[in-house]
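Just below sit the structures, each encoded as structure tokens.
What follows is chain A paired twice: with chain B in the first complex and chain C in the second.
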Partner chain A sequence: MSLDHIVTVTVGGLTVGMIYALIALGYTMVYGVLKFINFAHGEVFTIGGYTAAFTLLALGVNDAMSPIVMAGCILLALLAAVIAPMTVGFLIERIAYRPLRGRSRIIPLLSAIGVSIVMQQLIILVFGPTPVSMPALALGSASFSLGGIRIRVLAVVIIVVSALLMIGLTYLVRSTRIGKAMRATSQDMEAAEMMGIDTNKTIAFTFIVGSALAGIGGLLVVMYYGSLKYDAGFLYGLKAFTSAVLGGIGNIPGAVVGALVLGMTETYGVSLDLGFLAWFVLAGLVLGLYIQMVRVPGRRLQHIAEDRRTPEYEKSVKNVYRLAPYFAVKTLLAERTDALLSVSAEHAVRLMCGNAFLAASAAAMFVFGDVRIDTRWQPVIAFVVLMVILMFRPSGILGEAITEKV
Partner chain B sequence: MTAITGRIRSVTAPVRAAFARVPRGVYSALGLAAAAIFPLLNVWGVVETAWLRVGVLSLLFVMLSLGLNIVMGETGLLNLGYIAFFAFGAYTTALLSSPKFELRWPFLAVVALSTVIAMIAGFVIGLPTLRLRGDYLAIVTLAFGEIVRLTIINLQDFTNGPNGITGIYPPRLASEGAIASLGDAAWAKWLTVDKPIEYYYLVLVCVVVVAILLSNLKNSRVGRAWNALREDELAAVSTGITAARAKMLSVVLSAGIAGFAGALYAYYSNVISPESFLFMQSVIVVCMVVLGGMGSIPGVILGAIVLQALPQMIREAAGAARSEFEVYRMLIFGVIIVVMVIFRPEGLLPDKLWRSESHEVDPRELEKTRQSLFDLEEGEKDLEV
Partner chain C sequence: MTATLELQGVSMSFGGLKAVDNLSFAVNENEIVSIIGPNGSGKTTTFNVISGLYEPDSGEILLKGESVAGLRPDQVHDKGISRTFQSLRLFSNMSVLENVLVGMHAVTDAGVLSSMLRLPSVRREEKAMREKAQEILGMFPGRFSGPRQQQPAYSLSYANRRRLEIARALASDPTLLMLDEPVAGMNPMESREVMEQIKVLRDRGHTILMIEHDMHVVEGVSDRVIAMDHGVKIAEGSYHDVANDPQVVEAYLGKRAAEATA
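What follows is the complex of A and B.
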């Protein structure tokens, strides 16, 4: 496994991951505020890609243009790819979701799936069932060499643009008035209303921002891959949602982390052989074991020690602390030895199953070391990741950030 | 808006009352009689054989919708990959009863195994998701539906990939020897189901059995537990319902029914390919349940028949090209879902419970009415709410 191969794969994974992140942010923000999955978000992404490609086609962009004119055209396409999805996202919220607010859980979900179908068919009706393709530009295939490794310019553009957008979003949510309103609405809609926040406006704004990000994602995808099919939004949406769950739904940095992890997993998964990948699984297992056996029991003991701060107790706890890994092993074996370290038996079993699963898959991967996963199975990887995360850590890597009122 | 609907209601009230006096059993009997007579129309030469095909497919979709209704209508969860369980049943049947592996298992064994395999799939899907918030099931099943189809396409050796499995043997209700020993008795040929009309009655019997089973289940302890979970999970759990187990039961049972329907479908259609198990098919079933009325068995049956038969009629009438037609059909299905959910979430033939709860009063709306009632200076005099 040569180094430049790994660098190429990593850049590919980052690129894909950043695009997933752009879409996942929309899911996670809407989930944070309204607690429902906006199934139509994938289609919003497709609309972004289509409008961008059609704008470029309509402007007749080609390589003969001067760079300034071309930059102008691309900016125009960007504008189109932001405005169209924003409008669509706003309208969807207004027409299909707002009347249903406060209804039982399944109702808005159904509406979302209906909207998603309608939009997909509308895309076929308006743009035709054939995939839209970008005009062939030198920019699209341009690449530069970094220490002998060829990297596509567009990959770098995608990574940089997405990172900037995410920084912008973080600023928006953390430090502006409307961001504060968004956080308040997501925490408790009624209380936010009592504080004078126009929740309707805030929710509409959330949809608009999410849709704009997805639209930019669409533009980047269509430029990177050169074409986009009308049902692309389905799979991208699914993967983006997986990313959001992976990172912790409702959690904005989580969505980015989850997307990057998923993008990396996918790209590494299909481009390296299993024997190499097994080391990653093993590393994951070791990290998990460390956290479960040393960090978590240690922290729990510390909390207890801080609670009852008597010298004798601290001393006794210190002794226990030294033994923490031992207790943790016992906990992992589902023998609840000590109330101090008690994880519920169910949780311990789940952790144990997770560890066994990782160990077994690592072993299996070492055995079939020289096999490579076919690219055809790529979507399956995302699904397996989703199932595993829901099975063993449903709150995601960085934890959920939603508050549910009972 | 409300004034208009109120006026319409007041006009139609006597008619409604008249219909309400008819006992429910009468409708079921009428529907069953109509379903039983329908293929005879073909025998008498009133309708073409193509309509018999539509009839069989409608019945299969009735069964699918009944199954999905358990999850969607009764338990209030959303399954968006329902067709995947159907695919499990269909492929199990196709592999066990076709020249692919030179197997021809008896009908009952194949159907039972198809059902069980679909149930296992349902269990595997439910295991990680049902402990969590309800909408995770929706997204996981959505992904599952797609993954199953991809897997079918990719497992070339096993499923023939995109070409599908052809030449599925017609079902034999008795063993070969038994049929041969009956000789030329007139009814013996009915034991080998290979004509459309025979399929029709076979499927009809299965659908009726499933419908009776489900309507009994609906009024049982389990059914009430499902409804309670749908209404308010916390309250349900605190009355002693084990949420995860009850939900799992509903998901597994509905998967089993889909597997059953899948087996019948594979037998009937003779050829199956991944094309028949697209995401859109799942959406169609969802649409049938929503249109007919979530949680209402007669409603769901009506929804399935209407949405399966109507497009066929329109297609015959318009003579539109297949692909073109498909786009409009899906568009209309999407619109139906959205419109129904917004304006009549209880469906065309609503279940009593759903009707009372789906028009629950929005607190803001209530506040408005209250204000218009008490604010005599601004509000008009009408106290009609």
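What follows is the complex of A and C.
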């Protein structure tokens, strides 16, 4: 495994991750305010990509153009890829969600799925069922060399543009008047209303901002991959939603972190052979053993009342975790044992099984060292990552921002 | 002179239950009026109807002679009615200062683009708002000083959260301030402090409508007291008149106790 391969894969992972992040922000912002998943958000992304591509096709962009004219055209496409999704996002909220606000949570969710299906059909009706293709531009395949490693210009553009947008969004939410209104609305809509905030406007604004970000994501994707299918929004939306949950739904930095984790794992998962990936699993095993043997027993011991914390008692709790198979079974079988110990014993057995699974996978991966995972397995990898993280941390990597800490 | 707030025959029912029944009263400028009554007598519903959370089934609500019945809560707030809540409803993940700034939302007008670009007008407005927020928080000496303003609201003590709710409600310079049980859950020392604070607010020219169970506070600050039971106004007048009204005693203590005192 060479260094340039790793750099290439990392850049690829960052690029995909940033795209997921742009879409995930819309999911997470809407969830933050309305506590429901806007499943039509993926289609908003597709519309962004389509309008961008069609604008460029209509303008007849080609390499013979002067760079300034071409930049102007791309700027126009960007404008279209922002305005069209914004309008659509605004209308979706107005037509499909606002009339249902205040009903039980399943109802707007069903409406969202319905809107998603309708939108997909609308895209086919308006643009046709064949994938839209970008005009072939030199810019699309341009690359530069960094210490002998070839990196696509567009990958860098995607990473930089997304990062700038995220900084802008953070500033918007943290420091501006409308940002405060958004946060107030997301914490207590009724109270926000009675403090003079027009929550309808604030919610509409949230949809508009989220849709604009997804639209720019669409533009970047269509430029990067050269084409986009009418149902692309489904998979992208699903991955972005996964990212948002992964990072902690409702949490804006969380969406970015989750998206990067997902993008990286996906890309690494399918580009490297099993023998190399096994090292990652081994790293996971080391972390797992650390959790089982040091972190968890340490935390358990904090909950024990001072007077019961005799050295022997501490030792038996630690042993249950460290020498799980022997002591855990012994503790579980013992007739007179206290609650903490028996709960710990069960817990320890579960942790141990997880670690044993990691160890077995690493061993198997070393054995089949030169096999590569087929790209078609990419969604499976994403799913496994999601399951593993949520098993250990149900609120996501950074936690849900909305949780009341009272 | 038109009253600051006037309710004319306001009724509000939920299903078959008449929570507020043909309620009329007025609050004059620079006056403190308290509403008392047993639990479930319709006091908080009255507040919610005034703040626009519910639209009254019938009747009229006038703020300085202008109807506010049927407006949305944010519109009612824009007209000049601000309130606190019985069960605290601060924006607990936002900082103390931000909570007060949210209270000013209605009286500021920085747009999205100009805020993103940090135009001079926005910066000026922001500076003025921060200064004003400092001033309001300064009304509670020693409670919200220095670094505490940057702490999230959830980290405050219970009494300070109540104080912060009052500060947030004051941020928009309301024509009418409504306090829903401002001293609930406070110890006697703390309630006395809040009582003094409310008097200061009157001296500054605020008009206050208040729900309160603590009779010391009601006696201490009210210019007038309104007693409610089962959604109906049963007495109105000075604290002593209302407290000795047989109907009020009956509402609180039952019929036999009322007869015994009579």
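The rule is simple: the second predicted complex is superposed on the first by the 321 of 406 C-alpha atoms of A that agree within 3 Å, B and C clash if a C-alpha of one lies under 4 Å from a C-alpha of the other, contacts with A are read in each partner's own complex, and residues count from 1 in each chain.
As a working rule, a residue touches a chain if its C-beta (ideal position, glycine included) is under 8 Å from a C-beta of that chain, and two chains touch if they have at least 3 such contacts.
Quantities reported herein were computed from a predicted structural model and do not represent experimental measurements.
S.K.: Counting only touches as set out at the top, which of chain B and chain C does A:187 meet: first, second, both, neither?
M.R.: second
S.K.: With both structures fitted on chain A, tell me whether chain B or chain C touches more of chain A's residues.
M.R.: Ranking chain B and chain C by residues of chain A touched puts B first.
S.K.: Should A:106 be classified as contacting the first partner (chain B), the second (chain C), both, or neither?
M.R.: first
S.K.: First (chain B), second (chain C), both or neither: which does A:121 touch?
M.R.: It touches chain B, and chain C stays clear.
S.K.: Give one of first, second, both or neither to describe whether A:197 is in contact with chain B, with chain C, with both, or with none.
M.R.: A:197: touches chain C, not chain B.
S.K.: What is the contact status of A:168 with respect to chain B (first) and chain C (second): first, second, both, or neither?
M.R.: A:168: touches chain C, not chain B.
S.K.: Of the partners chain B and chain C, which touch A:177 in the superposed model: first, second, both, neither?
M.R.: After superposing on A, A:177 lies in contact with chain C but is clear of chain B.
S.K.: Looking at the overlay, what does A:205 touch: chain B (first), chain C (second), both, or neither?
M.R.: Second partner only, chain C.
S.K.: So which bits of chain A does chain B touch that chain C touches too?
M.R.: 406
S.K.: Going by the contact rule set out above, which residues of chain C touch chain A in the complex?
M.R.: For chain C paired with chain A, touching residues are 51-53, 72-74, 76-78, 82-83, 85, 89-94, 98, 101-103, 105-108, 110, 112, 115-116, 152, 154, 168-169, 172.
S.K.: Using the touch definition up top, name the residues of chain A that touch chain B in the complex.
M.R.: 36-37, 39, 96, 99-100, 102-107, 109-111, 113-122, 124-125, 129, 234-235, 238, 241-242, 245, 374, 376-377, 379-380, 382-383, 386-387, 390-391, 394, 406
S.K.: Using the touch rule from the top, collect the residues of chain B that touch chain A in their complex.
M.R.: The contact residues of chain B facing chain A are 72, 76-78, 80, 127-129, 131-132, 134-136, 138-140, 142-144, 146-147, 150-151, 153-154, 230-231, 234, 279-280, 283, 286-287, 290, 294, 323, 327-328, 330-331, 333-338, 341-342, 345, 357-358, 360, 362-363.
S.K.: Enumerate the contact residues on chain A facing chain C in the complex.
M.R.: Residue positions touching the partner: 168, 171-172, 175-178, 180-181, 183-184, 187-188, 190-199, 205, 401-402, 404-406.
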